[in-house]
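Going by the order they are written in, the chains are A, B, C and D; count residues from 1 in each one.
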Amino acid sequence: MIKAGIIGGAGYTGLELVRLLLMHPEVKISVVTSRRYKGKKVSDVNPHLFPFIELEYEDVYTEEIADRSDIAFVAVPHGSAMEYVPELMARGTRVIDLSADYRLKKADYERIYKREHKDREERDAVYGLTELHPEVADADLVANPGCYPTGAILAVAPLVKEGIVKQVVFDSKSGISGGGVEPSERSHFPNLAENIIPYEVTSHRHVAEMRNELHVKVSFTPHVIPSIRGILTTAHVFLDDSGLKTHAELEGIYKQFYDDKIFIRLKRGTPSLSSVRGTNFCDIGFEIEEKSDRIVVVSAIDNLVKGGAGQAIQNMNLMFGLDEREGLWSPGLAP
Amino acid sequence: MIKAGIIGGAGYTGLELVRLLLMHPEVKISVVTSRRYKGKKVSDVNPHLFPFIELEYEDVYTEEIADRSDIAFVAVPHGSAMEYVPELMARGTRVIDLSADYRLKKADYERIYKREHKDREERDAVYGLTELHPEVADADLVANPGCYPTGAILAVAPLVKEGIVKQVVFDSKSGISGGGVEPSERSHFPNLAENIIPYEVTSHRHVAEMRNELHVKVSFTPHVIPSIRGILTTAHVFLDDSGLKTHAELEGIYKQFYDDKIFIRLKRGTPSLSSVRGTNFCDIGFEIEEKSDRIVVVSAIDNLVKGGAGQAIQNMNLMFGLDEREGLWSPGLAP
Amino acid sequence: MIKAGIIGGAGYTGLELVRLLLMHPEVKISVVTSRRYKGKKVSDVNPHLFPFIELEYEDVYTEEIADRSDIAFVAVPHGSAMEYVPELMARGTRVIDLSADYRLKKADYERIYKREHKDREERDAVYGLTELHPEVADADLVANPGCYPTGAILAVAPLVKEGIVKQVVFDSKSGISGGGVEPSERSHFPNLAENIIPYEVTSHRHVAEMRNELHVKVSFTPHVIPSIRGILTTAHVFLDDSGLKTHAELEGIYKQFYDDKIFIRLKRGTPSLSSVRGTNFCDIGFEIEEKSDRIVVVSAIDNLVKGGAGQAIQNMNLMFGLDEREGLWSPGLAP
Amino acid sequence: MIKAGIIGGAGYTGLELVRLLLMHPEVKISVVTSRRYKGKKVSDVNPHLFPFIELEYEDVYTEEIADRSDIAFVAVPHGSAMEYVPELMARGTRVIDLSADYRLKKADYERIYKREHKDREERDAVYGLTELHPEVADADLVANPGCYPTGAILAVAPLVKEGIVKQVVFDSKSGISGGGVEPSERSHFPNLAENIIPYEVTSHRHVAEMRNELHVKVSFTPHVIPSIRGILTTAHVFLDDSGLKTHAELEGIYKQFYDDKIFIRLKRGTPSLSSVRGTNFCDIGFEIEEKSDRIVVVSAIDNLVKGGAGQAIQNMNLMFGLDEREGLWSPGLAP
C-alpha cells in the first residue's frame, strides 16, 4: 500500500483528495494536516466522510509528514506550498503540489504572482497535465495544473499541435467550489444565485500556464456560475489560412491525439457538467462555423477532480506504476 | 456473478440502478429495457455512463428477461410493474419492484391508487425498508419503499417502537429528480428556481406506507425544492404523557435501535443533503423542544439512492448473501 | 412629503426600505445611516439603486435623525434598536422598528432574547401585523413583525378566530436573504445549493410572536432553502372535534376575515413564491385532509417586503392617513 | 390614454408586457390574445398579475385588435408575427414586433430563418435598439431587437463607431426564461441546475442582427445558465493597431456616446445581473488587457425587459412623444 500524506486537508481540494483516496485500493492515507482543526476527527468536521476515515487532523512538522508518507499531496494555498516542498523532497518523499508554486519558472512565478519564491532551488517540476505529460511517471515533483488550464489546454491541444491555430479566446465558467471553503462576497448565495460573475477578466494568472503549454496567442476570461462543481470552457479558436478543415478531419485529429487517453471523452454535441460530475473525465466537443475561420471547442470537467484532486491521483497512479484509472474509475453523478 | 436485469432503464431510477450496479463487484447487468430507446446504446443516451456500459436498450418479452436474469429490478411507473412481476416470478427470477404496485395489499392499492390491480394473486411481497425488514433476505419479491416513506419511517421508527408517540407530522422536501426524467410544469426551471412547491398537500399516496409501518397517527405533506437530489424530512413528533425523555435517553433509544445498521448515521446536529449526495446513507438528527411534548427529528437521504436504486441494491445484497455494503459503500459527494 | 429616515440602511431590510420608498409618491428619504459606509454614496455601494438616490450614507446622532425625519425606520439588529427608539420618540418622531426589540413585553424579551432590555420604559408599541392591527394608524411606535410570524399568523388567524383550532405546526421555508447581507457558513453557496437547511428547529425565537397573536398550541420549525427571497409556510392545523368544516365553509371564513384586506390574496391551489416576488402580498391557500382533523394552509410572502420593509411602509401609510397601497402596489416579478 | 393591444399574451414576453404596461401611467391595455387560454382571466392563468388586470384572454381577428388599439405589441413566435403585421398596419395601428420577422431584409430573413417570408411587402421597419435608433420616434413599424443582440451591440457600439475595432467575440450567458414558458429538455431543472448549456454555438441566428449593426468581424456563442432572468455578455474586443487606448480615453468614448442615454449605466467594475433584475437598464463595464490588443467589455441586461418587453415600451414611449422612462423607471430587484 502506498502511504499518502495530505497537507492542507480541510479545504475543498484536500477534502476531495481524502474522498477519492479513501476509495483507492492501493493507497492508505497516512496523515491529514490542518492547523485550524488540529485534534478533531476528519469525519466530525466533514460528515460526508463518516465512517470512512478514522484519522484526526494533525499539525506536525514537515519532516514527520515526509517520514510517514511515500507521497505527499500539498493542497495549501499558493505561497504556502513552497514552505513544505523542499523538506519533503530532501527526505525522499515524492510530491504532488496542487498549488501554483511550481507550475512556472521561479522568475515567471514572482512576476505573475507578485511574491517572492522562497524555495532556493529552481526545481524541475513536471507540469502534471497527465495527457500531455506522460513524463510525470518518472517525476519526483509534479506541479498539478490549475483548474482552468486543465480544461482549456485539453480543449485545444490537438489543434495547436497541428500548427493551424492563429488565436484562441478561452471563456470559462466555473462552479463556485473553485473559490474555496471560506464564505466570501462572491460565494454569498444572494450574490451568486440568479447571476453569473465575471472576475479578473483580463488578468487571471492561470493564463500563464495556458500560454506555456500552447504557444499561440491566448486570451482568457473566467466567470463564476451559480453551480457548486464544474468548469465549462468555451474555446473560440481562430485558424490560420491554411487551417480550414472538415468536421471529419477535425474529428480525426482529436481521435488520434487522444487515442489512448482514457479520461478524455470526445462528444458529438456539446458536453455537459452533469456528465463529468464527481469524475476525472474531460469531455470535449467541437463545431466548425460555416464560412468562417472559427471553431468552437467546448470542454467540461469537474474542477475538484480532473481540475484538482483527481488529476493529482491520476499522476500518482503513473508515478507508482499503477493503472491510470485506479480509484478514479466511476460514472458521473447525473442527474 | 449475479445476472441483473433492469426493466425500465431510461428513467432516473433505472439509470441510477445502472450507475450503481456498474460499480458492483458481484453483479453483471444482463439486460436493460426501454421501449423509447430500443436499439440505442445506453451510454449514447446517457453520456455520464460512457464507457462503463456496452449494452443497448432492448425491448424484449418478459420471459426472455427472466431467462437472462437471476434478479430483475422493475423500475417502470406504478400500474405497469404488475404486468411484469407475475411472469418473472413464474419463471423463478427473484424480483425487486421499485414501483408502488406491491407495497400495499391489493385492496388498499386499488382504493388508494384508484386503479385495478391486474395481478391475479395476492403476493406476499416483503416491504423492502431494509433496516426494518431483514426478512428481505429470504424474499422472492421485494416491494421497494417509496422515497418519502424511506426517510420518514426511518426518522421515527425507534420512537414509535418505544410506544411513546402520539402523533407525527411529516413535512418533506424533495429534490425534483423524484418527479422523473420528463420535463413538466413543475420541473420547468423558471417555475421551480427561487421557489418551493408544495403538492398533494393532504393526499399524497405515500402516506399509506408510513401508516402501515408506524401504526400511529401520521400526517404528511410533500414539497419540491430547487435541488436535483435529496429528501429532507422534518418529523414533528408529539409524545404521549408518559413519553418525556432526556436527550441522552433518546440518543440511547436511537443508538440501540440502529446499532448494527451500517447505513444509518446518527448526527449531533441537523443532517444535510450534501452529506448523503450519491450515497445510500440515511442521516438522522433530533432535538427536544423545551417545555413541550414535541421532538423534531430530521432525516436526510438521496432520493435516488436510499430512496430508490440504492436501497434496492441493499436488498439484493441481502437476498444473495452478500455484504450489505457491496457496490454502495462510498462517501457523499460534498460539496 | 413625508420625511423618512432609515437607521441601518446597508442591510437587506434597510436597502429594501430604500428601494420601496424611492418609488413612494408621498415620501422623501431624508437620511440613511450606516457606520460602515459613512460618506459613501448609497448607489455606489448598491448599484441597483443608481441613479435613483443621491444621498450618502451618514453616521449622525439620533437627535439629528429625529429632527430631519417625520418617521424613522429602525432597521438595525435586535439589541441595537433600543438604543435609538427612546431618543427618537422623545423628540416626537414616529417610529417603525423592524427589529425584535419592541415586539414583546420587556420581561418576555429578556427571557427569550437572553439579553437586558436597555429601554427604561415599557413602551406600548403596536404590533404591526397590519391586517390584524388596524390600530397602527394611531401608533407612535410600531413594532414591525418578524418575517416568519407574518406569514404564519396570517395563514391561520381566520381559523383561530373561529375558535376551532386545537394545535398548529408551522413548518417554514425561507430564502437566505433573511439571513442578512453578511456572508456566513449558511449562506455559502456550496453549503446551501442542492440543500435545505433546518435550523433552531425547536427554539427559534419568532415562535413567541406567533403564540402572542394566536393563543393556541403552536409549534414552529424554520428552514433555509436555496432561494434568495420568499417564505413559504406550511401550517398543519389540527381542529378540535367541533371544528370539521367543508371547503366552502372554510373559504367563507377566510373571505370574510380578509374581506377588505387588499394585500391578502386567497388562492384556489397552493401559493407560489414567484407570484409574490418583490411585492407586499401574502398569498394563502388551504386544503382539508379527508377523514382527518387536519387542514393544511400554505402562505407565501416575500420576506423582505411583506415580511419586512413592505409591511413597514404599509404601516406608515396608515399612520399618515394614506392609502395602504401607496408605493407598494405592483405585480410580482414572475418568472 | 394610449390603447395598447398585446398579441400573444401568454408567453414570457407577452406577460412581461402586461406586467410593465399595467404600471404605465399613460397606457391602457385594450386586448390580450391567446388561443390556448381564450376566455380565461389573465390573472387566473398568471396569479402574479392579480388583481391588477381584469381582462380575459381573447382570440379575435386582427382587424378587431387593430380597431381597439393605438399600438399593437406582437409577441408571438417568429414566423407568426408576419401574419398579423400587414393587417394591423393597413388599418393604421402602429406596431412593435418583438419577433424576428421584421429585423432583417426579407431575403436575409428567408436565408437565415430558413422559411418563406409571407408578407408581400418589404416593410421599412426601424430596428428598435432605442439608444442607437432614435428614429423609432417616427416609425409605424418597429422591429424590436433580439435579447442577445441588445446586450451585445450596446456593449461595443461606442468602440465600433471609433473605427478601432478589428474583431469581436461575443460569449453570452442567458437565463432560461429566454427559452420560453413551455417546459423542454433544456429547461428541465435536473438538466440545467449545476450546469451551463452552450447551444447553437456557431449558428445562432441573432448574429445576423449584430453584424447588421456593427459592421466588424463578429463571432457569437450563447449559453444558458441556471438562472431565470438576465443576459450577461462578455465581449472580447480586439483592436486594430491604431486602436490602443488608455482606460481614461475609453471611458471618455463610452461617456460621450451614451451621454444622454438614461438606461445605460457605465460601471467601474463588472456589471451584475442582480442590479438590472426587473429593469430596463443595460449596465456596461470594461477592462483593458495589459500588453495586449484586447479589451473585455461586459454588459448585463434583464432579457425580458431591456432584452424584450421593456425596450418595446421604451420605443413606444418615443413613438408617442412620452418621456422614455414612463412605466420603466424603477430600481433593480436586488438581492
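One rule holds in what follows: contacts are C-beta pairs under 8 Å (C-beta built on N, C-alpha and C of every residue); 3 or more make two chains touch, one makes a residue touch a chain.
Just so it is clear, the structure is predicted and the values come from calculations on it, not from any experiment.
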Request  = Return the chains common to the contact lists of chain B and chain D.
outcome  = A, C
Query = More contacting C-beta pairs: A-D or A-B?
reply = A-D
Remark   = Rounded to the nearest Å, the gap separating the Cα centres of chain A and chain B is 36
Remark   = In whole angstrom, the CA-centroid distance of chain A from chain C equals 46
Query = Where the CA atoms of chain A average out and where those of chain D average out, how many Å apart are those spots?
reply = 39
Remark   = Multi-chain contacts in chain B, i.e. residues touching at least two other chains, fall at 12, 177, 181, 190, 193-194, 226-229, 272, 274, 277, 335
Query = Once bound in the complex, which stretches of chain D touch chain B?
reply = 12, 176-177, 181-185, 187-190, 192-194, 226-228
Inquiry  = Show me the residue ranges of chain B that touch chain C in the complex, using the header's touch definition.
reply    = 169, 171, 173, 175, 190-191, 193-199, 201-203, 219, 221, 223, 225-230, 232, 234, 236, 270, 272-274, 277, 287-290, 292, 294-296, 298, 335
Key: In the complex, chain D residues that touch chain C   = 12, 15, 19, 22-23, 46-52, 177, 181, 193-194, 228-229, 265, 267, 271-272, 274-279, 283, 330-335
